[in-house]
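In the two complexes below, chain A is the common chain; its partner is chain B in one and chain C in the other.
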Partner chain A sequence: MTRFFGTIVILGLTAIPAAAQDTKKEIQKYQQMIAEGSPVELFELEGETLWKKPQGPHNVSLEKCDLGQGAGVLKGAYARLPRYFKDADRVMDLETRLLHCMTTLQGRSRDEATKRVFGNENQPSEMEYLSAYIAGQSRGVKLAAGHTHPKEKAAYELGKALFFHRAGGWDMSCASCHGEDNKRIRMQELPVLHKPQAARPIMATWPAYRVSNSQFKTMQWRINDCYRQMRYPEPKFASEATIALITYLTVTAAGEPYRGPGTKR
Partner chain B sequence: MAGPMKMRATAQGGTTEVRVLMTHPMTTAQSGQPLHFIQNVTVKQNGKTVIEAEISQAVSRNPVFSFRLKGGAKGDKIEVSWLDNKGESNTIETAVA
Partner chain C sequence: MRTLLFSAVLLSGIACAQSPVDVQKVLQRDFQARGQATMERVVQDGLQRVCTDTHDRPPSELARQLEADQMKTIDFPQGSLIGDWKRGERIAQGGRGLTWNDKPGAGEGSCYNCHQLAPQEMSHGTIGPTLLRFGWMRGNGPEMQRYVYGKIYNAKAYNLCSQMPRLGYSGTLTSEQIKDLVGLLLDPESPVNKQ
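The block that comes next holds the complex of A and B.
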């Protein structure tokens, strides 16, 4: 009797993963199809134009902007962000650094430069175009966000704490959705982002073009929208909290060759 | 001024594989905004028209087209142009790699 019961249990266990495997395969097929038809390169082209366009009271382009690898060096710059910048004495992600260059190099006010950081399908934002272009210059470069300077370590620790911190109207944390294996919402798998093997493919493909609403989405937007979904107050653009979370996630994904900007459902 | 286009054309043993991206809002009637969509796509190989396509609102925003042309050698000129219902157009030309 005991042996018979054992057989049933084993059959049950093998049947469920097989179905899950099929679903996973179908989702992968779908993701491959949308990647093949991705217009990401068009955003990169627009971003390049914006990078080279003189703007602001100083009427200069961003071409002298130092993204961490020296003034104007784009190759591999995105893969090594966020990192500590001595001139600003803080850890910065790509968008924060771009904002820094807009206010210092171009002489623009913070209010003007952040007036429209997230665009829509009819009019993408400057940050979105620039993120696409700059991230594209890191293809094939391994992710290596800063994790040596005391402020980089502090940002990582803060990001980690925020990831697991439950609050807001629904008492949720990032880990409420991204803390357990094999969970998904409809077609979207929920990666367990505190585990390197799950964080790697995600961080290597953001920022990304989103097919369902024809928009290019940045990392600052991603974090901002996660907080919206958790019913928190809206985080400030380029704030310590959003940079810390991006730092935590990118350090967790360290070593993965960057292959974005990606394409999401 | 229409947004950028991007194209890649590669020779692959007797055929030429072309992939072209177009920036276009492709606004449908459903959106409540004035209709604005690409109607005609023309492909030329060394100046000779090889494809004339009529497309509709059913095609997505920022469309991507991928197709194979018979023949074609490295250095051949491939030209792709589109014309929309407002009379706006754009063209891109590239050499087969």
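The block that comes next holds the complex of A and C.
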């Protein structure tokens, strides 16, 4: 494993200066190289262990958790999230639904279950491991987030409005960075996420392992860290706003076969 | 007075035409203060609202009015505005400031995130225009110094719905830091203008 990382670092160093010559091609080559040494599978395996591990006051596992396709059905479940759940009467993304199962099935308190939703390089979070495992069970399944129930439609509309809403310390909306074609921050290309052709490959590869900081990152984290960089206050974990944005982005990416968890720079 | 009334009518017209979702109320419910990132930041000011509601294409008369308001926020220092380009380069490279995990106080410019400046720095963004040889092409007289200082202090005074942050107005950069950035752009010795 250590040797894998060594290779990644060396490849990374040689790939970056060359990127100046033919940026796009080199970046693509680099992305392909990092994907080959990715530890995503290890996260999936640990996630499976946690899924099956009895926890909480009820001392039960999450194996009876209904992610939308029936209790315990994992195949294709992630590709159909976010969606409306009748038992909770709200739209939920993967992490929100997992939190729901932790509090209902396992009897854990919301405070305890959300104490550490985002991990670091030394200690990934339970949510991160579980997200890796569950998302991996949707490989090859086309993205089809809910967009028929009135609450799903409302989530999509709210997400779209949030995407273009300018506020915060630097007057930004999501579209400030993700609204125009062929833009970069430093060397990082910015997908125009309100367009299906750009949203598709992105949403089909989150959650993802990030080589630059050796961490596995979830979609709730992605939204959280964008708002941090936009100089906003912090979005609450599993809040309606975060779920609405994830719904908007996933519906925009509909039809793309899921091929994550991805490996990113 | 008539122009004031005119812009008030335009503003309310736009407010009525927007989507039925009150995004600001959602943000107030679903976001929380953290570090220096307080909840006041989700309350839109006039230009944030107009730019949101018009998808960054405000009616020109209203844009002129609001740009003039923004111009009044800029406190131009006396004398030369050309600071130390070497310090300016460090400020342009850095990306800290104003986020919930930054220390409160002076930040950095994040300039290279969006702009090309010195040719030696190849890792630059493209959201903003290239500023390579900016002073070499435009000169560095008092008017140009004033323009660059003002644009960095409050970009919205020049282009209401610009994506560039109001770096002085927002408290991200101090007046001294902005002068150093003016130096980076306008000093003939700055790498931005060499060769």
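Heads up, the rule we're going with is that the second predicted complex is superposed on the first by the 244 of 265 C-alpha atoms of A that agree within 3 Å, B and C clash if a C-alpha of one lies under 4 Å from a C-alpha of the other, contacts with A are read in each partner's own complex, and residues count from 1 in each chain.
By our rule, a residue touches a chain if its C-beta (ideal position, glycine included) is under 8 Å from a C-beta of that chain, and two chains touch if they have at least 3 such contacts.
All of these numbers come straight from a predicted model, not from anything done at the bench.
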{"item": "Comparing the two partners chain B and chain C, which touches a greater set of residues in chain A", "value": "C"}
{"item": "Touching partner for A:241 - first (chain B), second (chain C), both, neither", "value": "second"}
{"item": "Contacts of A:114 with chain B and chain C, given as first, second, both or neither", "value": "neither"}
{"item": "Which of chain B and chain C A:214 touches, first, second, both or neither", "value": "first"}
{"item": "Which superposed partner A:42 touches (first chain B, second chain C, both, neither)", "value": "first"}
{"item": "Contacts of A:122 with chain B and chain C, given as first, second, both or neither", "value": "first"}
{"item": "Chain B versus chain C as contact partner of A:96, first or second or both or neither", "value": "neither"}
{"item": "Chain A residues contacted in one complex by chain B, in the other by chain C", "value": "none"}
{"item": "Residues of chain B defined as touching chain A within the complex", "value": "3-6, 21-23, 25, 60-64, 66"}
{"item": "Chain C-touching residues of chain A, taken from the complex the two chains share", "value": "20, 157-158, 161-162, 164-173, 176-177, 180, 182-188, 190, 227-229, 231-236, 239-242, 244"}
{"item": "Residue numbers on chain A that touch chain B, as the complex places them", "value": "36-39, 41-42, 45-46, 49, 121-122, 214"}
{"item": "Footprint of chain A on chain C - complex, ascending", "value": "19, 21, 23-24, 26-27, 29-34, 37-39, 41-44, 47-48, 51-52, 55, 98-101, 112-114, 122-127, 156, 163, 165-166, 170, 172"}
